[in-house]
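Since the structure comes first, as structure tokens, the remarks are kept for the end.
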Amino acid sequence: MFYRLSGIHHTGYASAHRLWSVPADRWQVVAVLALALLAPLFVSDLYLGSYVLPWLVWSAAALSLSLLMGLAGQLHFGYAAVMAIGAYTSIHLAQAGVPFALAILGAGLTSAVIGTLFGAAALRVKGLYLVMATLAMQYLVDWVIVNVPAISGGAQATLRTPDVTFLGLPVETLSQRYYFALAWAVLLALFFMNVKRTSFGRALIAIRDKDFAAAVIGVDPFRFKLMAFLTSSFVGGVTGAVLAFCYYRAVTPEQFSFNVSIQLVAMVLVGGLGSVIGGFLGAGFVLLLPIILTNAIADLGASGWIDLSQNLMAHLPLIFYGAMIIGFLLFEPLGLAKIYDNVRKYFLVWPFRHSGS
Amino acid sequence: MRHDPDMTRGARTLHPDWREDDHLIAILARNARDHPRGVAMRERDHGIWHETTWPAYLDRVLALAAGLEAQGIGAGDVVLITGDNRPALYVALLSLATLRAIPSPAFSDSRPEELLGQMEREGIAVAIVEDQEQVDKLQSVRDRRGELRTILYDDPRGLDGSAPEGARSIADVAAEGRRRLEAEAGLREDLLARPSVFDVAVLMHSSGTTGAPKGIPLRHGHLLSGVRNAARAGYFHEGEEHMAYLPMAWIGDYSFSVAAALELRFTVNVPENQETALHDLREIAPTLYFASPRAWSAMLTRIQVGIAETAGLKRRLYDHFMPFAIERERRRLRGEAPGLASRIWYGLGDAMIYGPIRDRLGLRRVERPYTAGEAIGEDVFLYFRALGLNLRQFYGQTENCALAVAQSKEDISLTTVGRPFPGVDARIDGSGEILLKSENIFDGYWDNAEATAESLQDGWLHTGDAGEFAEDGQLVVLGRLSEVQHKADGTRFIPTYLENRLKFAAAIRDVCVIGADRPFLAAIVCIDFDAVGQWAQERGLSYTSYAELSQMPQVIELVGERIAELNRAVPDSLVIRRFINLHKEFDPDDGEVTRTRKVRRKVIDENYADIIAAIYDRAETVEHEARITYEDGRTGTLRRRLSIGDIDGEG
Amino acid sequence: MAYFLELLVNGALVGLMYSLAALGFVLIYKSSGVPNLAQGALVMMAAYAAWAMVDFGLPLWAAVIAAAALMFAFGLLVERVLLRPMVGQPVIMVVMLTLGLEILLRGLVPGLLGAAPKPLDIGIGLAPVIVGDVFMNRAYLVGGVVAVVLIGASMLFFRTRLGTKLRAVSDDHVASWAVGLSVERAIAISWGIAGIAAVGAGVLWGSVQGVDWTLSSLLFPAVAVVILGGIDSIKGVFVGGLAVGILGSVIPGYLDAYAGGSTRDVVTSLIILLTIMIRPYGIFGREDIERI
Amino acid sequence: MRLFAKLGFAAALALGPAAATAQEEPIKFGLLQDFTAVYTFVSGEYNQGQQDYLTLVNEEGGIDGRMFEAIVRDTGNEPQRGIEAYNRAREEGAILFDFLSTPVSRAIVDQAMQDEVVLITPLHGRGDAAAGQTFPYVFPVMATYWSQAAILADYINENEGGLEGKKIALVHIDSPFGREPTPILEDLAEQESFEFRAFAYPSPGNEQSAVWSEVRRYRPDAVFIWGAGGGQSVSVREAIRNGISAENIYSVVWLAETDAQNVGVDAMEGVKRYEAVATGTDNPILSRMVEQVIEPGLGAGGEANVGSSYYNIGVATMAVAVEAARLAIENGDGPLDGTALKNGFEMIEDFDAEGLMPPITITTEDHQGGGFGRVARWTGEEWEPVSDWTTAYQDIVRSEIDAGAAEYSGGN
């Protein structure tokens, strides 16, 4: 309806391959960005701090993982560990007085190095076995963090983030932290979209689709798989640092447990593998659905609409959450991105049914 | 054979107001000088629109001109041009004009024999063509046209290394010309100084509905005054986005894509090929758009088919807003101004339905959509006007560069074609024929003094159309004078008039009304495969071919209803009593219709004599063997038993 | 030495109890190639079912049979409703589906039956079985025996007529389909049997630790067992279980004092990792596992 | 009919607030706990006790006419959900929070202090939060794990023939919580000349056989089991199986009736645990509660839970909180906000909830309330106290608290 496609023509391949060549998409992006930039002005602290901010950070995390799972097709069930490495590295570096920008870089690098070790398994196996291998590595990293007080922070196993400034800008108040997370999420989204258009991205997709076929056409699967793990782990590590500094402001091992890895995979799958908008939608869904359900059910309970035991009410969000994951996989395996795409197409061909007529 | 580019010195006396150096090439040079960044042309190639600026356009024209000159082409040479719209062919038109040679365009789907006739009549020795297909066609008649020494082609695919003797690529020749331009100081200026406003810029041809086509030489001055008249009437604006998709051999394309494009600095957009023209149209979203009534009608069919596939909200919105807008337009044409509520509601509909449909058609930016050539169906006309397109009709002939009469923005009516442009005089003579006089009317047919004398008398062009002026001074075109026929009882009728009305029905693609010297009127109908196919699908009727679909009882009934509708609207003496659904479409290759899809009655009478006989013998069915000419020129036959339909209960 | 033996024997027995949880996983994978990460949740559900029956007043044996019937039916249901539509989807989708099922069950079962740990007494005394200096855990001994019986029964089952069909199906879906075996039915039955195997694991583990949702975390050692033993081998479940149990008992037994924490999960993780890196198809698995 | 009844109820509810504004707003407590993940073994009963006590207070007319309202949400032990629930409840006006989840409490500590609302962390959270100057808004209220270990050690010292020369094993879950008593016991071992060694079993503790083989070889005189949930009953079973007398098994506070059922009520006879609150309904508060809340059907959960260990702990936490609110209203002149409530807490002196719990005194420095508790023994039927309410080795505990607090002040 609001899509206007006529008059869009490309006078070169550069313009043909630019992002958002449809003006309506461009306007949507601009509108969403504008809303995001103005959010601290009109969104209450409650929603900014406990919905929008974590949603942005988790979206960044989902995108980081989607880089690996969606583009390169490498399954990873230990991604929370990668983020944990980033979070712990950044916090230790920052506490040691390293400037925040460098601490974040260090977080990314450490995660990249250790994350690439995860990738070593990917050189040998794939599919279910890669799931198991990464899962096992998650346990190993967890164990090291919990059992080395120097990492986890002593008896209380809690490390608080010091107040930091990023290149001279403080990252302390809610809005400052929000803008920092927003900047990172946007940067990562742009990075992701551009990776898809590079030879690197296409090589990853070739490996995902059929790795030996990719090898035949001259894409070295070993090198590119490791590169994929390296890149993804780097951004994952930075995201872990952003999560620690912008959201939690204190890290404990539980924040990066196995369940978090599962949640991340769910975000990527529910959102839609390899899709940027899917990353955002999936993260929002997996992160916010249980919260919203919890509140909705509690409100219904309080108003007497449902008369269930405290125990069952508390478990209802978990039940819905599991059911929704199953529902998505059964009925829309391509995830929310596909649903978005369907809606977009519906309007794109408006008022017709398809683009043929 | 070399002709005098001026044809007759008399041109100078006929047109005393023309300035010698006011010609297309000078205008091109002016544009190149004044608008070095302006985009003159865009060509779509593998999805990318390659742009040509005015200076680059001029350079290409001059380079090819220099190259052609090196090929021995000079003033007065007539050169065949044929193919689909290609920038290289437009460049060639102007390069020839630069050399004072005369380009003679032919339709790209012309048969080899037609090309041969044209070459023989006009003494053509050089052809500039689009691609291998055209080269092959020329090659097939070359043994009969030994004078054809040079064939230049644009698209080298299939020709590289295997080109026949004398065939070269345009690019080669242009490269050679470019070398000449670099080597010979002053050549550029020399070339630019050669043409004159009195030169024949292009040699067009009459459609040849009857007999051989006549050559219509048009001078720079004719074209430019036509364009300027039209511009003064607001018909063209400066800097339009224009889509060059109509046949290059049609005067409209030359007037729009060359003459007006130069004078008013249009950006001329050339689609990738004919098949993608509609899609490419959307990418460009032109500001000026011309399409024949048939094309508008096809577009409407396309929309209706597309909407028929939708359901739910989209369908409901369409079903509400479209009839609303059509009814509103109908009232507007009647002179009722819409109220505020209607305007608000229309605005809503524009956002929801009309805007998106215009966008889908690629007509979002069109300010000046036109149609001409034949009458447009009321529903088509209303529909597109309801969509928010200010669709207007105009009227003109090749002889006057197609620019003579048009509807102004304000005076819209279905029945008229508007007022003469400024600078154009029009009157109706005693026999009811429309006569026109203006600076853009040609000076006489090519090598045909007899025909010239017939149609040009005292500077008045006898159009051959029957017409009248409406009360408000607008011109009404009734039909061709020559087409008036008489039934056995002497009743006059114009078959085209009835045919056009019938063709407004989506189900009917072509129709030929017969009845000269017969007791009653009958129709030979070609159904519209797409529209009827869709109609059949919706009803779960299965069919495998055009032939089978055309003979289905339900389809025959459908066509019968349409004819009955027309019968109700015409006097009793003009009702059509019987009809037959033909099992094939009329095909220009079989000579049944012209390239512009005008029915050739003689051919039809011959080809379907048995059918016509059966109709008037009151037979129920007839066995017919149709001759089919395939695209490669081979022929085949298609035998089938056809049912003849009767229109019951009418007059 | 006695210490070592004790670690060895108890480890072996525990490993066999892990095998119980792993058995269902292998059965399903063998017949349909689906990695059922909800097997832990099935174990939990089975334990809850048995507890609920006992709580309802059934004698233990009847409760176990009723739970087995229920879990068999549930296995069939899961296969029919959830897994059959997923045929042809990439493994990640199937993995996530079973994880989704896990989450669903982890909410549904404790939500309906109570989240606090439930006792499930199957009448095994606390007194250890002592052989020489070696203290053996009586519950584990029972568990080990049950595991061996169930594993043996599974192997025998594959020699029955139905089992042969299942084996044929697991070997080659297309060929089985071609000779008229109902692949779908065979896969469904394997899910049903996996449900029954979950009852064995659920009842034994439930009696040891109480019945609550944490039973579903048995998945992790079970996965180690199947990876080591070979993901499609029943023999592998037996051997893998022994190996995982023993290694997970003996190595921490000597290492924990120095490591500053429990190293068992580290050992389990390393078993998974090393197996995958060295011999991805495990000890008895088929070698045609897709690799680079 | 039922639906219509509900509709009617909803309509009444919709009208309700308008009428209610005439009265004062209720005092809101955010009980945002983990009902679905790690703390499922306790949250149900604990939260039920908390809600029932608040209902009792309301039934009895509230404090100075003001009512209490509990905002109950599940956090699933996930910090992010805890943060959301916290922010939302704070928006609704809650001035006291109880997460009963160590990760969530830790994630909120800073925020709560910044927002100046009270965070109670009974039997969970940071032990060093007892340092009132460093953590002005955080109140453990009950004995920290350090105090619990100290009380258990003290019991052995007093009743089992002294600590000297004894061998004590700490068998704990491999997590920060499990490791928490280690420094206290190490210090005590030095001070009281006994031998001490820690044994870790992997989480969640459903299988501990290897560890216990090792423990048996250590031949401890007493075993402290430090876990929670299902792992606790496994520990008791394994201990008994490995020849450790039930009488020599000492547990952290997390050992309840359900665990005894699980182990076998008879087999567990003699096992001792630290106890923060009396068990059973044999108490003025509990009897009033049964009378006014449970019997009229106003209870928040199953009647069987009333009087259980965790239920009573929940009751006690709210008894303290309500007492703090009472003191704040009595002594304050401004509105009852987080700061006033905090001051109320710090005014608590010798409060024992009518005998349900040890008399605690909370001061600006000590938010633990003295680190009281007692040891109770499983009789086969119930928990029977075998010591008086007491507190022990608070000097050592305090130094641990101060060390942690100092580290926190130093940026961590």
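Lettered A, B, C and D in written order, each chain numbered from 1.
Keep this in mind: a residue touches a chain if its C-beta (ideal position, glycine included) is under 8 Å from a C-beta of that chain, and two chains touch if they have at least 3 such contacts.
Please read all numbers here as calculations on a predicted model, not as lab measurements.
More contacting C-beta pairs link the chains of A-C than the other of the two pairs A-D and A-C. Distances from each chain's CA mean to the overall CA mean are smallest for chain A.
On a Cα centroid basis, the chain most remote from chain A in this structure is B. Chain geometry summary: the mean Cα position of chain B and that of chain C are 78 Å apart.
Note: centroid distance chain A to chain D, computed from Cα atoms, is 36 Å.
Here the CA centre of chain A is 33 Å from the CA centre of chain C. Averaging Cα coordinates per chain places chain A and chain B 57 Å apart.
Annotation for chain D: residues touching 2 or more other chains are 35-36, 44, 174. Under the contact definition stated at the top, the residues of chain C that touch 2 or more other chains are 106-107, 110, 114-115, 260-261, 265. Shared contact sites, meaning residues of chain B that touch two or more other chains, are absent. Inter-chain contacts, as defined above, occur between A-B, A-C, A-D, C-D.
Per the touch definition, chain A reaches chain D in the complex via residues 44-46, 49-51, 54, 95, 146-147, 152-160, 162, 247-250, 252-255, 259, 287, 290-291, 294-295, 298, 303-305, 309-311, 313-315, 317-318.
Residues 35, 82, 85-86, 89, 91-93, 95-97, 99-108, 110-112, 114-115, 220, 223, 227, 231, 259-261, 263, 265-266, 268-270, 272-273, 276-277, 280, 289-292 of chain C touch chain A in their complex. On the side of chain C, the complex with chain D involves touching residues 3, 6-7, 10-11, 14, 106-107, 110, 114-119, 121, 126-128, 135, 137-140, 205, 208-210, 212-215, 217-218, 248-250, 252-253, 256-257, 260-262, 264-265. Put simply, chain A touches chain C in their complex at residues 69, 75, 120-121, 123-129, 131-133, 135-137, 139-140, 143, 146-147, 211-212, 221, 262, 265-266, 269, 311-312, 314-326, 329-330, 333.
The residues of chain A lying in touch with chain B in their complex are 1-13, 16, 349-354, 356-357.
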